[in-house]
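Below are two complexes that have chain A in common, paired first with chain B and then with chain C.
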Partner chain A sequence: MPPSPRARFTELSLLVWVAALAVTGFVAVVGAETSAFGPAALIVPAVYLVLVLALHLFLVAQRFHGDQVLMPVAAGLTAIGLVLVQRLASDLLLQQLSWSIISAGAFAATILIPRDLTALSRFKWTWALLGLLLLIAPLFPLIGREINGARIWIKVGPGSIEPWEAVKLLLVVFFAAYLEEYREVLTQTPRRIGPLPVPPVPYLVPIVAMWGVAMLVMIFEKDIGATLLFFGIFLAMLYLATGEAFYALIGVVLLLGGGFVVYHLFGHVQVRVDTWIRPFDEDLRFGAGYQLVQGLYALANGGLLGAGLGNGMPDRIPVVWSDFVFDAFAEEAGLAGAIALLALNLVFVYRGMLIALRAPTTFLQLLAAGLSFIVALQTLVIVGGNARLIPLTGITLPFVAYGGSSLVTNWMLVALLLRVSDVSTRMRGRP
Partner chain B sequence: MEITFAVLLWAVRIAFLVLLYLFLIRAFGALQRSLVTETVVAARPSGIAHLVVQRSIRGAARVGERLPLRAINSIGRDAGNDVVINDEAASAKHALLEFADGEWWIEDAGSTNGTVINGELVRARERLQYGDELAIGRVALRLEQ
Partner chain C sequence: MTNTIASNIRTLTLALAGAFLVASIGVTYWTIFASASLANDPFNPRLIAASRDRPRGAIVDRNGVVIASSEKTADGFSRSYKDQTLAQVTGYASLQFGLSGIEAAYADSLIGQDPADPVSIWRARYLGEHAAAGKVVLGIDEKVQKAAADALGGKRGAIIALDPRTGAILASVSVPSYDANAVVDPSRQQSAFNALQQDGSRPLINRATQGLYPPGSTFKVVTASAALESGFDPNKKLRVDDPYQPDKSWGDYFVRSASHAHGDFNMADGFRLSENIYFAQVGLAIGSARLTDYAKRFGVGAAPKLDLSAGAGQLTASGSIDRPTLLADTSYGQGELLVSPLQMALIYATIANHGVMPTPHYATEVRDAQDHVIREVAPGPVGQVISANTAATLTTMLVGAVSGPGGFAFGAKIPGVNVAGKTGTAENRPGEAPHGWFIGFAPAEAPTVVVAVIVENTAEGGLTAAPLGAQVMRAALGK
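The block that comes next holds the complex of A and B.
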């Protein structure tokens, strides 16, 4: 085959829509803020679009065979995120734009560097150890930081990063490799007590170990979101690898039991649950429940088509740019916009799961499924929290919410999914 | 002047929502199209590539037969292998043929008589290209798509 570039027309045509979306979004928001249309509104979207186009051309030049839908969808969500940062916290816009440039670099590096994806599975214990170290790093006195009640940050130079974000990628790689290694256990019929299968030791040990780690995170780092997320990812991947719903059920029961005990022992969990159940009570409405109450007002205020970009009052919600972007977007773009946002996430996850189905080896299948599941679960947990369906937790809406660590890891996640799809497309010899 | 600006601003806001949906519809459309082509690919009867028998002996695979390959294939005399070579010159577990990151790789599994690619003995994990000839025992196979 000649080493010519390889056109990616679907991706390019979808990126045209991303460009239109970014430009109109910025014009609307800046227009509402300054009461005039000016070229200043176009600087940030222009820089961002050049960046995205560069990524597209990079993939073309690499003769990359992978999927063409994921990258534009992620770029569209990131564009909406930039519009919302301009709207809600314009002083953070440059910072978020720089983070998207770093994310693009991380994306390109992930596409280039691991020559052989399967090789990732050979270092699985390294990933596990690194993940655990990063997970407990915020607990150490010198580098750890507590922000807004959760001790999940470490100091790096002048800023701070959330190591949990990297941990979720490391854990998915580790689980995929681990579950692949013990898949032979599958072929044996599990011993049964009555109708219930007893998990063989290689499955039972990680269930209990992950449960222990999850409880520690909940108690010491005070982060219910992270707990839910990575225990959820683990159970989903265990179910995918074994096909035994009962194993996942054991995990859920353990989590509920542990959660119940922790709820009664530790104040910070009680506060979260209280503000979820009765945020409008006198003692909470202007205290711990203030943020959630304002978020719910924003949701209600949005109505079907929203107040219009730049026309709502989402700035009444404290820390709206990182915790409550979904409510802010729903207020200004309405139910219609909110559903479109969720549908874009759905496209992403659906595409990711298809990549998993097509992947040639168990490791790659579990890897792709686990990565897509991160995005799905994270969206569910934060949107559910914003809408008061479940207790509010401090995790980010993927790609959209303000936050550097989250944006960088999510773009690395996209690159890994693209790599998996690249392998399967090359292998099937399909254009 | 004030009124026209307000009207324009609303037009931009509505355009944003419309574009959001158009983008969503296009993304769904692209998903749908790739799904259709994938179903066609998945409906193909056999493996991702083939070993085509070039030379053989009596009792083993016929010359010209196309043996379908999966992502990881064990080759050997045992009936449990993915590719069975029914020749006493082949070891029970003879070699491992694997697809990893866009390339085919062959590795000898400690066979008695060795695995040969294009006339050269395989010493480590070696890359295999389409069209290469693989000799196991007295059977020769060519890797084809």
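The block that comes next holds the complex of A and C.
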């Protein structure tokens, strides 16, 4: 007999750790800032924990069968994010708390609204068009905005949002549907030129089209990170659907080739690459490389166990709360904390991929794997940038970095993964 | 086909796990392996912030006279610099602009984390205690420093004095200088620093160690060393007729004599009357390989090892002497030669120190808060550059240049002391007044001080510089 659908004990017990994380984090940070702290320091984590518990009870009330690990992991990462906003930009804390409440709403809505997930695949061209519109929206003169050199924002009321964040979800949905539809082509043996398989037209066209769009994003929106994610997601899903690593290789070669040309033609790309190669040179360390160099100082100050929450100097890094939260966390929590943060992300990706493996249809498999891949790639791109393994980009660390658009879409992503998990559990009759 | 996708998902997940591993290794590199070097990077704001909450160590001269110290103010400690003539040496410790000078070179010692005292570093790290700040003792002698600053006055240029036996720097002046207090004062630091960076006279540069000038006649000791050690007879008379060229192939290129000389010169005469044509002929006689070899031995074209940054200069633009006219010009210190005052002081220190070149250093000791010596800064000599005999022969001739009949460097005479020295009038870009040099040491029998003086753009050249050198040596000798 399957366990009672109401028994989400694993999730509940994992949430106890989230509570411990949030409370100790806030106590440490507030305690380090002001030697005497009142109960006010506990209000934010308390509100947040009530919120998370409400989500848990909501899933229980929905007789939800999905994965029980994913939500607590996302909640734990979001809690670390709130602690870091308190530490690095406490005047933004209420905003970020509001965003987490909105995110919870978006999560609940995504759990409830698409009654049938396969409906998503039926409107794939709608999603593609919507995604494309959102992608180029920042380029329009009245609504587009350039912040910190990247033109990836649009004005909404008094604030601005990054449409890219929504685009990545739409893209995954579209790719999953598109690749499922044209998957039969795979049953034909691909034509070969020598030993190399030539991608059939239904693959070749999107490869070239996606590459073109990615290049345009790099040139006009001035954001290498968005380009990398955008094209990375596409290549990963192409590989998942076809199993041809060679197609992905063609894409990587195209991307590198295009990147090389763009590097020589456009100043903003050159600056990014140069600061990556030699940030400590005199002409860069006080200019374009300043942010990265300050980030590396922060990492270096971390050591094995860190300076202790509130005791480092990560606030010397410009825009630390969005671009450099990872280095800030590593300075105060040390290598141990940084590895733990990466491990938490990897657990999320692992659970997501497990959900993909168990999904009943090709569309759902591709959808879940693509969504999990977003989280993995985003983490890798920004951590790699922070640790000077690759050029720095404006990609945010999922759940942790300050920013509303990113938090809301990431929680919708969690909800979608849980929906896939729920469907497969119900169909297979096991959790 | 579901199985294919499943295996693709597994492969992708494995690849991602591998990428996470690589990212973790990258993070490990910065947090653990690069940690020590970045923690002591002079531009790391953490180093300077440490000095806002607690006193940063003092910088003092050899007799304990305070040059820089931390003083308590309403909001933490602020740095105070007492001697503007040492601005480029002490440098500054600014939260905004990083560290420079001694503040940078001994940054760890000044916050109580001298590498020679690992116990207090680890105690500070693990107990959260703050090690009491150490103190850096410089070889600078306030008396000599003041004499050098007074001697140069407002004239653009540099003076550096050092002890030829140890390499300890006794005085170091670079004009124009600046007020480091303005660079660390939050209320005016930005405008002060911008003004300093835009100032065409480059006050932030330490001309004594980083300024590069043609050495002019002061370089003749290098040509002479190469000649003496190749068996060239210093008593042999060479014919000097101004203007000079060895043969017609030089076309309209001539070596000029400063005194329009006509006569027979030996090496002592060449030094005394600073005869370019004599040394041009010596250079042509020994050849470019010999001269290049000795210039390199004396450190021309390589930055001297020093606890602050030092310029390298060049023998020639291409690094080699590739034509006879360049060989002739290099032999008397022109051509494409560029050297720093410190490099020239070291060349003369080598002669003063029986042919052994000392390693120069500004600091002499690091002391802890209880005034115990944690570390002595006493780099050993660079090595034997020329033989003691050659050094003695050169010293005799340099004494002649100061006190022999008609000696060009007569301005450097000190009553009752044998001074050895050489002036130089280094020609510059066309239309600019020449730079005036004097480099000398005293007492000639057992030298305890070497001084190098350069006065930029002075019509009188070496004649201006020699008396300034004497003033500095007198202060050092207590005469």
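Worth pointing out:
Here is the rule we go by: the second predicted complex is superposed on the first by the 424 of 431 C-alpha atoms of A that agree within 3 Å, B and C clash if a C-alpha of one lies under 4 Å from a C-alpha of the other, contacts with A are read in each partner's own complex, and residues count from 1 in each chain.
Here, contacts are C-beta pairs under 8 Å (C-beta built on N, C-alpha and C of every residue); 3 or more make two chains touch, one makes a residue touch a chain.
On a predicted model such as this, the values are computed, not experimentally measured, just so you know.
Per the definitions stated earlier, placing chain B and chain C onto a shared chain A by superposition produces no clash, and the two fit side by side. Contacts of A:Asn410 after superposition on the shared chain: neither chain B nor chain C is touched.
In the superposition on chain A, contact is made by A:Gly31 with chain B only, not with chain C. Of the two partner chains placed around the shared chain by superposition, chain B and chain C are both touched by A:Tyr350. When the shared chain is aligned, no partner comes close enough to touch A:Ser322: not chain B, not chain C. After the superposition on chain A, the angle chain B-chain A-chain C between C-alpha centres rounds to 150°, nearest 10. Legend: residue contacts after superposition of the two complexes on their common chain; A:Ser100 is shown touching neither chain B nor chain C. Of the two partner chains, neither chain B nor chain C is touched by A:Thr78.
Once you line the two complexes up on chain A, you'll see the smallest CA to CA distance from chain B to chain C is 10 Å. For the contact definition in use here, the residues of chain A common to its chain B contact set and its chain C contact set are 334, 350. Interface residues of chain C facing chain A in the complex, by the touch rule stated above, are 1-2, 4-10, 12-13, 16-17, 19-20, 22-24, 26-32, 34-35, 37-39, 41, 43-46, 49. Contact residues of chain B toward chain A in the complex are 5, 8-10, 12-13, 15-17, 19-24, 26-28, 30-31, 33-35, 37-38, 41, 48-49, 71-72, 99-102, 145.
Those residues of chain A whose C-beta lies close enough to touch chain B in the complex are 10, 13-14, 17-18, 20-21, 24-25, 27-28, 31-32, 35-37, 67-69, 72-73, 76, 80, 115-118, 305-306, 308-311, 333-334, 336-337, 340-341, 343-344, 347, 350-351, 354, 358, 360-361, 422-423, 426-430.
For chain A in complex with chain C, the touching residues are 183, 186-187, 236, 239-241, 243, 285, 293-294, 296-297, 299-304, 313, 316, 330, 334-335, 338-339, 342, 345-346, 349-350, 353, 356-357, 362, 365-366, 369, 373, 376, 379-380, 383-384, 387-389.
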